[in-house]
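Next come the structures, one after another.
Here subunit A shows up in two complexes: once beside subunit B, once beside subunit C.
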Partner chain A sequence: MKFSYFPGCTLKNKAKDLDIYARKCAEVLGVTLEEIENWQCCGGVFTTAKDEVATKLSSVRILKDAQKNNLDLVTVCSACHNVVKQTNYAMQNDAEFASKVNRYMAEDEYNGETKIYHYLELIRDVIGYDKVKECVVNPLAGKKIAAYYGCLLLRPNSVMRMDDPENPTIIEDLIKALGATPVVYSYRNECCGGYVRMESPELAVKKSNTVIESAKKAGAEVIVTACPLCKYNLEKSGCDIPVVYLTELLAEALGVKEDTNE
Partner chain B sequence: MQRIGVFVCWCGSNIAGTVDVVAVAEALKKEPGVVFSANYQYMCSQAGQDLIKQAVKEHNLTGIVVCSCSPRMHEATFRKTAAAAGLNPYMVEIANIREQCSWVHKEMPIGTEKAIILGKAAIAKVNLNVPLTPGESPVTKRALVIGGGIAGIQTALDIADAGFEVDIVEKKPTIGGKMAQLDKTFPTLDCAACILTPKMVDVAQNEKIRIFSYSEVTEVKGFVGNFDVKIKKKARYVKEELCTGCGACTEKCPMKKVPNDFNLNMDTKRAIYIPFAQAVPKVATIDPDYCNMLKNGKCGVCSKVCTAGAIDYTQKDEFIEEKYGAIVVATGFNPISMDKFDEFAYNQSKDVITSLEFERLTNAAGPTAGKLLRPSDGKHPEKIVFVQCVGSRCDACNEKGKEYCSKICCMYTAKHAMLTRDKYPDTDVTVFYIDVRTPGKNFDEFYRRAVEEYGVHYIKGMVGKVSPEGDKLMVQASDLLDNKQLKIEADLVVLAAAIEPDKSARPLATMLTASMDTNDFFTEAHPKLRPVESPTAGVFLSGACQGPKDIPETVAQAGAAASKVIGLLAKDKLTGNPCVAHSNELMCNGCSSCERVCPYGAITYEDKEFRMPDRTTQIRRIAVVNPAVCQGCGCCTVACPSGAMDLKGFASEQIMAEVDAICK
Partner chain C sequence: MSNSKKYLREEIIRISGVNPKKCMRCGKCSATCPAYDEMEYHPHQFVYMVENGNIEPLLESESLYRCLTCFACVERCPRSVEPAKLVEAVRLAAVRKQGNNRMTANDVPELIDDETPQQLIVSAFRKYTK
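Coming up: the complex of A and B.
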């Protein structure tokens, strides 16, 4: 099985592990992720400004490239996924926006045809947890892992359609498939503080600490996330338990994780 | 040739504001058949009607066209006017130049042009109208009330009081509905049971009322005055006529772990049960999902302890067919499921409850005998947070809630808060609200007492998250007036869940061909002027099935529905609608196309002998329409491949003449 793959800028810098292990694990699970050529930034959070067309163009180009390759698109970073999926939704449902965008697209007209999977959806809906279980060589038995969804992965639900935004299970189900014990805590879908850290670091620390405390109280030993910004914020707020990317966790269980800094 | 009079109404400025009524009257005067044309400020007024009557006499009119509002509004009025002037009432046609013209257009020339076209179409139709005479049908002098809550109870009592027979069909084993589950009622704080149960007893003792409890309506046929209804009496495995309601069986049944739905599953009951002490009928019912005897033939304790010999494990569902003249829908409401509202942690914590659950927790007959205790550990809660509008007034794109206001929550939350502070002054009570809506009689005074005298903290803002932490609940919310984010600790969180129509309403509406809105509330025939009637003749609406309502409003509507039913049943005969289908037997080939599409079952077939030109006889199958059952919907006329079916008053020829007039 082959998919077009969009890693995003952060995954080539701060969050290399999220990217590298996403590919490695996909190979183990029988899926090839073909990176889109010459991709640009998804547009970042700025694309959520409703009247902007230009900032969403790079997302549209990513989607168009996947369509040209005749492949469904896979993303892994929560923020990129949110931006690309919301842009695609707008292309499908907002005719005025789509027509404005297509004026920039020259002969590459695009109308929301590409199907997008987040890496988690790829595992749940295409690969299946049973296949993951079969491939686990290093079960994470006994490990208490807290899934941290943050806000971008699941919301808005009318667009993202990944899981129940108030009581999700998609990461917990993966944790179970890897042999570990998921820790369910109530702040797992709350904001880490996001870019507020730039303007008002104390507030971001407060938000992150609420999440960390909630997870630790529930007995978490590790926090797992799909979002580079969440990881950054949690770590910068003095989190004293490891915060890892979900692909790292997967790589560990599938036996493809290199001993880099441990 | 007809002699047609055209009457153009101004409707004050409603029509005259965007339609040049004088020009319309002038233009239509030139149409074929028109011998008189006039305009007037209010054609529906006495003076306007007199103008029509006078014109009929002076100009020997044979047909009338009134250019005015929708025929739904005043067609009946003008038909009566025509009849008073000695014309056949079906020689009147309405050209709707208000709703479909003046109200939707802004510019006078466009509105005027369209009004003229609509008038021409109506004139073309009247030219082909023929006098019609409605048939008559008898009225079955018995009413059916579907639902035995306070709405159904009140309607039944009022109808019976007028001397007519009424049957109540209630799907639960007892009548009483939601009101039977309530503790006290706002704003007077009288006990719900104390005012409801005497009414339940009145129903049981009334000779005119029959109760079909634990029963459902499964089929409705017929029409106003003559409904044929099939009722399923579900097997309760207890002979109703023998059971004395002594309750011995419900104490001895060894199956103790049956969720008690009357207490919203907060405690358990036995597999044989009487829902509550004042149930009507006070008859036991066996839950077949839990009864060991019914499941695997082992037990039989209830039948051994029953001295009346009422237990019957072999009982089967029973079907009853009955005729009714009128049907009242009183199917009520339910709180919505909290499954999609996990931000309030309803499924994660036992101490997050709905307001109806709170009602049972404070009810002396409830699972805690009226003591307010936390469901998780049975401790007295010291801090309670109430959240209003959970699932009500939601954004249209928020798929999990309702757009409408559930109307009753502000008041019952104020009641809960006040009663809690009254009984447990040590308990701290906070209410989060979007708006407090208290427009009923003595309602705002009641709410203010909760705030001012009982010290309930009202905070404007919504709760964003309830997080169970240890044995506490952390409530995260916004205080909009103080522009602050709050995080407060609570022992108990009570959610004022939105209410929605009962699930049985939708299939029932299909059976009754009664219309519903997008929220599955029954639609009234007119939102202001006919609020208790369904657009389907003979079907009436009572209580929350039509929209969220509190008890006083429900009782008022129940009485209004009853008076409409009484008005109907008081008639010996009903005048039918003469605009019914009929089949041209020379063209009909008996193909059954019409029968298949008829929603009312009005079409049957008969074999008829025809004399052929060569003097032989031939027997052919032809369609026959029962005019008493036909509602004139016209489906058959469209389905008929040979064009044999036609609708009186809306003949294909007339419709085509209208189309021609418009396209000319």
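Coming up: the complex of A and C.
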């Protein structure tokens, strides 16, 4: 099975483990991720204003490339996924916006035809948890893991449609498939502070600490995320339990984790 | 309402795609907002102030830069008003004014460290700069 793949700029740089293990684990699970050529940064956040066109062109080009390759698109980073998926939704549902965008496109029109999977959805909907269980060589038995969804994977649900936005299970189900024990806590779908870290670090620290405390109180030994900014914010707020990418966890269980510290 | 107020109101409604008239003033958006304590004007106030054309105070407010774009208010509003989209539209109206960029490339080195993900820098630029 082959998919077009958009890693995004952070995954080529500060979040290499999120990218490298996504590919390695996909191979183990029988899926090839073919990187889109010459992609550009999605911009990190989706601007909801309808008259913002130029900032969304890079996402449309990624979607269009996948269409040209006749493949569905896979993303891993929560932020890239949110931006690309919201852009695709706007291309499908806002004709005025789509026509403005299409004036920038050299060849054929694009109107939101590409199907997008987040890596978690790829596992749930295409690969299946049973296949994952079969491939686990190093079960994470006994480990208490807290899934941290944050905002970007789930909201707005009218567009993201990944899971129940208030009571998601997609990460917990994966944790179970890897042999570990998911820890459910109330702040798992609340914000870490996001980009305000840049201007108001104290606000980000406050928000992140609420999440960390909530996870620890529920007994978490590890927090797992798909978002480089969530990981950064939690770590910079003095989190004293490890915060890992979901692909690292997966790689550990599938026996393809090695030391990539560079 | 003066013409210029009316014009600004129409503009914010148009680019946000939000219809503030749908709001039933339940306050749920503000109750769930993780930036509530840091905001001078809260999400539900954005909604009725835009509806009344009282946008100038919002344009000047630091609240524009405290919203985390977490979409909690969007998800939990029982009337699908989507307050975050109004906050974003007003913020854009503010930073699009000449000389109103909140951040420049020169500010960045001071604000980052060795682990700062690229995602943070580009996101902040999308939010604070035009």
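As a convention for this text, the second predicted complex is superposed on the first by the 253 of 262 C-alpha atoms of A that agree within 3 Å, B and C clash if a C-alpha of one lies under 4 Å from a C-alpha of the other, contacts with A are read in each partner's own complex, and residues count from 1 in each chain.
Quick note on the criterion: a contact is a pair of C-beta atoms (placed from the backbone, for glycine too) under 8 Å apart; a residue touches a chain by one contact, two chains touch by 3 or more.
The shown structure was predicted, so the numbers you read here are calculated from the model rather than taken from an experiment.
With the two structures aligned on subunit A, subunit B clashes with subunit C.
In the superposition on chain A, A:E190 makes contact with both subunit B and subunit C. More residues of subunit A lie in touch with C than with the remaining chain of the pair subunit B and subunit C. By the touch criterion defined above, A:P139 lies against neither subunit B nor subunit C after alignment on the C-alpha atoms of chain A. Once chain A of one complex is fitted onto chain A of the other, the partner contacts of A:V45 are limited to subunit C, with no touch recorded for subunit B. When the two structures are aligned on the shared chain, A:N167 is found in touch with subunit B, with no touch to subunit C.
After overlaying the two complexes on the shared chain, residue contacts for A:K217 are found with subunit B alone; subunit C is out of touch.
In the overlay built on the shared chain, the residue A:G238 is in contact with neither subunit B nor subunit C.
By the touch criterion stated above, A:G128 is placed in contact with neither subunit B nor subunit C. By the touch criterion defined above, A:A79 lies against subunit C but remains apart from subunit B after alignment on the C-alpha atoms of chain A. In the superposition on chain A, the residues of subunit A touched by subunit B in one structure and by subunit C in the other are 157, 166, 190. Residue ranges of subunit A in contact with subunit B, taken from their complex: 157-158, 164, 166-167, 186-187, 190, 214, 217.
Residue ranges on subunit C touching subunit A, taken from their complex, read 14-17, 34-35, 38, 65-66, 68-72, 74-75, 82, 84-85, 88-89, 92, 102-103, 111, 115-124, 126-128. If you check the complex, the residues on subunit B that touch subunit A are 340-343, 345, 347-348, 397, 399, 465-469, 474. Per the touch definition, subunit A reaches subunit C in the complex via residues 8-10, 13-15, 41, 43-45, 47-52, 55, 77, 79, 151, 154-157, 165-166, 190-191, 193-200, 203, 207, 227-229, 231-232, 235-236.
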